[in-house]
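Input: structures, listed below.
Both complexes below contain chain A, partnered by chain B and then by chain C.
Showing the complex of A and B:
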């Protein structure tokens, strides 16, 4: 049973509000090591400088979108094993299918509850303590 | 929950930005920029507003945003063409969305009828064939290939029902363990160590040998050692017993740091040792490789490449490595330097395109204001110091004086930088204007298109806040009075849609705002006759076209035949002019009949500092704003002509200007000394009228920090503000316009300068 406080998370969203909300939800779950990036490009830079255990990323962002970030993460050996949870709107079914092809670990539909996000993360890592 | 409230505040702030992006994007589309990026940015703005609103349960906002988003999604995927008519509809929808945001924020209400009909219009645009569905009926088409149409309530209620089959397909989440990750990280970089060894001469003197150390290291795992002999001097300077070589060893081992350190146990203190986990190359190299091309980075960690061209590579071998000094080529070190260059290049490329919202720090404006105040104090303090040093007769070439000069420069730079922090693009004001233009145009039955230019022109926040009113008024005026009705325009052979241009630019240390319309221009005959009828000017007065145009700024002037809903609210251009002048600005108009008019408004870039001329008047020190001064001169007796019992005029080249003794006007003295004994500052007021201000002496030019007189004392006629001088004394900043008009009001009333000039 992994401890949430030992798992490092990178939150990627172009919207300050969403980043703040996700961070808030993660803190409620028990995460401590939380970083943020406003788009895929920044996120990738951030990960290469310092790997994270989990990436929670929005899809539609300027410059590098969530799907491109996922592909980049998976094609880059040092960070290839990073857990990747994609946040999507409800109508993005095709998008999730593509994300699955590129090796997404899970997805979470916006808007979500703290418990909803927790469930998704636990499906990846197992029950969190 | 407090934290959520704070996030909500952030959300509404972000909404303002998103609404601005939305409108900006739509306006760009209107101008024909309907490339994918623009349309996607427009979509993303609405999508983001909806997303945040959903998180806070702001239902009406979500519902409207959802309908809006659905249409934009269809536009994005080219299912619905972005015709000019559609863009106009989208712009109106963005106004309704803005109303919804304000309402959710508790600032005003949404006109439900308008919102409902707008939503219906958007739905009709999305799917022209669809029968108008009853608004409240939630239609959920799940997992269909067609665009998913769904009602917003379901979306909000979806909170507790986040099943995997949410999106209608079977998804098995991929599990991952932290251990796996750790192993992966170790495989990639974790068990790689970089050991840098810098032997001191003592190491060799004690009969130790680097080669032995390297061999010892090789027992822990495969090593790759790189010799840096760049410190090796030419032979004639070589000290045979000194150590010049350093080694960088890449070691792959499962042992921990202590095991590595143990190898160096016997040379402890005799060599500088640095053990770091991972590769020696910055991660940027890997990123650069990734960003450089579309192709995924090569599978083996690309950082290794940086090692390959290194000068000397000694493969770990059981045989002793060559002695450190022996035969090491002096060419070294060029390769390691060259290696990071592509990374650096890629980095620069990154910096060139900073995205919106990227690395932006949000700071409480009060903190910046405080900083600006403090820097103002610093400027004053520095000036005081400089003055003291001058008074003590310290030579300008002394270290102290030179140090002070440097301090002055630094202070200036700090001040500029701090002012730059508070500078903001005029965009924040400009972005409110398209909506105003749409509303005014529809109210007056005119067709108007707003073209904006120079939105990124920066100006101090204190000025920005006060730009909105004059711009609003000038725009209203341009549409209401400037533009003709579509019929009139057609009859005149013009495009029925009038163009109003709003532009901002920097010109000689000021910001200039221009509002230009392509309407009928000013009807000078009418303006003149109205001004005569209202007794504002005498009928005989011969005025130039320009002078007639500027009559509209006279108090009590209004040309509208009927008081229209838009401009005729009792606030005339004279009020605009006065408020602009109060900011140290000026406003003027130029007009060409049949082609339109241009309002031009110029303001100082900041209201915090001012370039001024420090003068002495009757023992008082005053500051005259430099912007008002045309020239300074010492009058000759023959240039001064008496006028009436106390007045006098000064002949400056071809014209006469009234001489004003500042000391007399401000009440510092009861009688004026002869002007020839003092200095005369030729000043120009905002209205272009000139006057010659008499002062006793000029001290020089200085940048002063403006301190409000109203805030600290009370308003004084003829004085704009106060400042603190280098010697710590308070000096008053002269309000040139007020001084000129004070003088005009004085009995006996002097004759108008234009008439003097005509004599």
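Showing the complex of A and C:
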């Protein structure tokens, strides 16, 4: 069983409030190594400079949206194995289908609960301690 | 707020009523958005330059401690604001030009909890954190509010409504106004 505290996470969302909420939820689950980026472009730079084990990304963002970030991550060999969880709105079924094609590992529909997010991450990493 | 007959008050006006849990965004200068608020909040946000504007109407679920500020409640409110802001950006607004007016958050009944106050506090903090200026607001008090918002001009007209005259769903809004917080599924995995 992987320890949440050993998994590094990059949170990508253009809204500071949402980043803070996701960070807070991750800390409640036990994650400690948490970084943030305000859009896909910054996130990609951040990952190429210092890879993470997990990306949790919003879809709607300026410059580079979540789907473009996912494609970019999957096309850069050094970071292509990064686990990628997309946060989506309820109406984004089509987006989820496209994200699946591009290799997303899981998705979580907003507004999410801490347990809901935990479940989605555990479906990727296995049960967390 | 202006009180003379504004140019927006024409027969061409298209009224869009925004109920609890909804948000609506338009670029149509003939649209006026209306809502009636008790302890709920309506954020009216617009980009004056592009003429894109919209309104949401939400109520944070009570966290059980009477303050409505628990983590799930805030996630809920942040989602309501995000829906509105994302739609504004999609329709051509620019984030750095957005400005907001907020209304509602009344305390309609005596009691220990003041959900209205925690709703107002949430909205103010959210907008401050996101760098969206609040150019005017009318929150708190003990009356319901009937609000009309002209997104093209940014003008708002507000009338206070005595609690007894407010619609039932305004007096006693349901605690969960939007899709329930989700473990989140479209069933593709």
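One rule holds for everything that comes next: the second predicted complex is superposed on the first by the 129 of 129 C-alpha atoms of A that agree within 3 Å, B and C clash if a C-alpha of one lies under 4 Å from a C-alpha of the other, contacts with A are read in each partner's own complex, and residues count from 1 in each chain.
The rule is short, and it goes like this: a residue touches a chain if its C-beta (ideal position, glycine included) is under 8 Å from a C-beta of that chain, and two chains touch if they have at least 3 such contacts.
If you're wondering where the values come from, they're calculated on a predicted model, not measured in any experiment.
> Could you check whether chain B and chain C clash or fit when both are placed on chain A?
By the criteria stated at the top, chain C and chain B clash after superposition.
> Determine, under the contact definition given at the top, whether A:38 touches first (chain B), second (chain C), both, or neither.
first
> Touching A:51, do we find chain B (first), chain C (second), both, or neither?
Touch status of A:51: first partner only.
> Check the contacts made with chain A and report whether chain B or chain C touches more of its residues.
Ranking chain B and chain C by residues of chain A touched puts B first.
> Is A:112 touching the first partner chain B, the second partner chain C, both, or neither of them?
both
> If we overlay the two complexes on their shared chain A, which of chain B and chain C does A:5 touch? Say first, second, both or neither.
A:5: touches no partner chain.
> So in the superposed three-chain picture, is A:129 touching just chain B, just chain C, both, or none of them (first/second/both/neither)?
Neither chain B nor chain C is touched by A:129.
> If you stack the two complexes on chain A, which partner ends up touching A:63: first (chain B), second (chain C), both, or neither?
first
> Considering only the touch criterion stated at the top, classify A:101 as touching first (chain B), second (chain C), both, or neither.
neither
> In the superposed arrangement, does A:78 touch chain B (first), chain C (second), both or neither?
Only chain B is touched by A:78; chain C is not.
> Pick out the stretch of chain B that clashes with chain C after the overlay, from 132-140, 150-158, 546-554 or 708-716.
150-158
> Can you pull the chain A residues that chain B and chain C both touch?
Looking at chain A, the two contact sets intersect at 14-18, 20-21, 24, 60, 62, 89-90, 93, 96-97, 100, 106-113, 115-116, 119-120, 123.
> Help me check something: in the complex, which residues belonging to chain A touch chain C?
14-18, 20-21, 24-25, 28, 60, 62, 89-90, 93, 96-97, 100, 106-116, 119-120, 123
> How about chain A: which of its residues touch chain B in the complex?
It is residues 2, 6-7, 14-18, 20-21, 24, 38-39, 41-42, 44-45, 48-49, 51, 53, 60-63, 71-72, 75-83, 88-93, 96-97, 100, 103-113, 115-116, 119-120, 123-126 of chain A that touch chain B.
> Mind pulling up the chain B residues that touch chain A in the complex?
It is residues 3-4, 7, 10-11, 14, 40-41, 43-44, 47-48, 51-52, 54-55, 73, 143, 147-148, 150, 155-156, 158-160, 162, 166-169, 171, 173-178, 180-181, 184-185, 187-189, 283-284, 286-287, 290-291, 296-297, 299-301, 350, 355-358 of chain B that touch chain A.
> Quick check: in the complex, which residue numbers of chain C touch chain A?
Answer in residue numbers: 71-72, 74-76, 78-79, 81-83, 85-86, 89-90, 95, 126, 129-130, 178-179, 181-186, 188-189.
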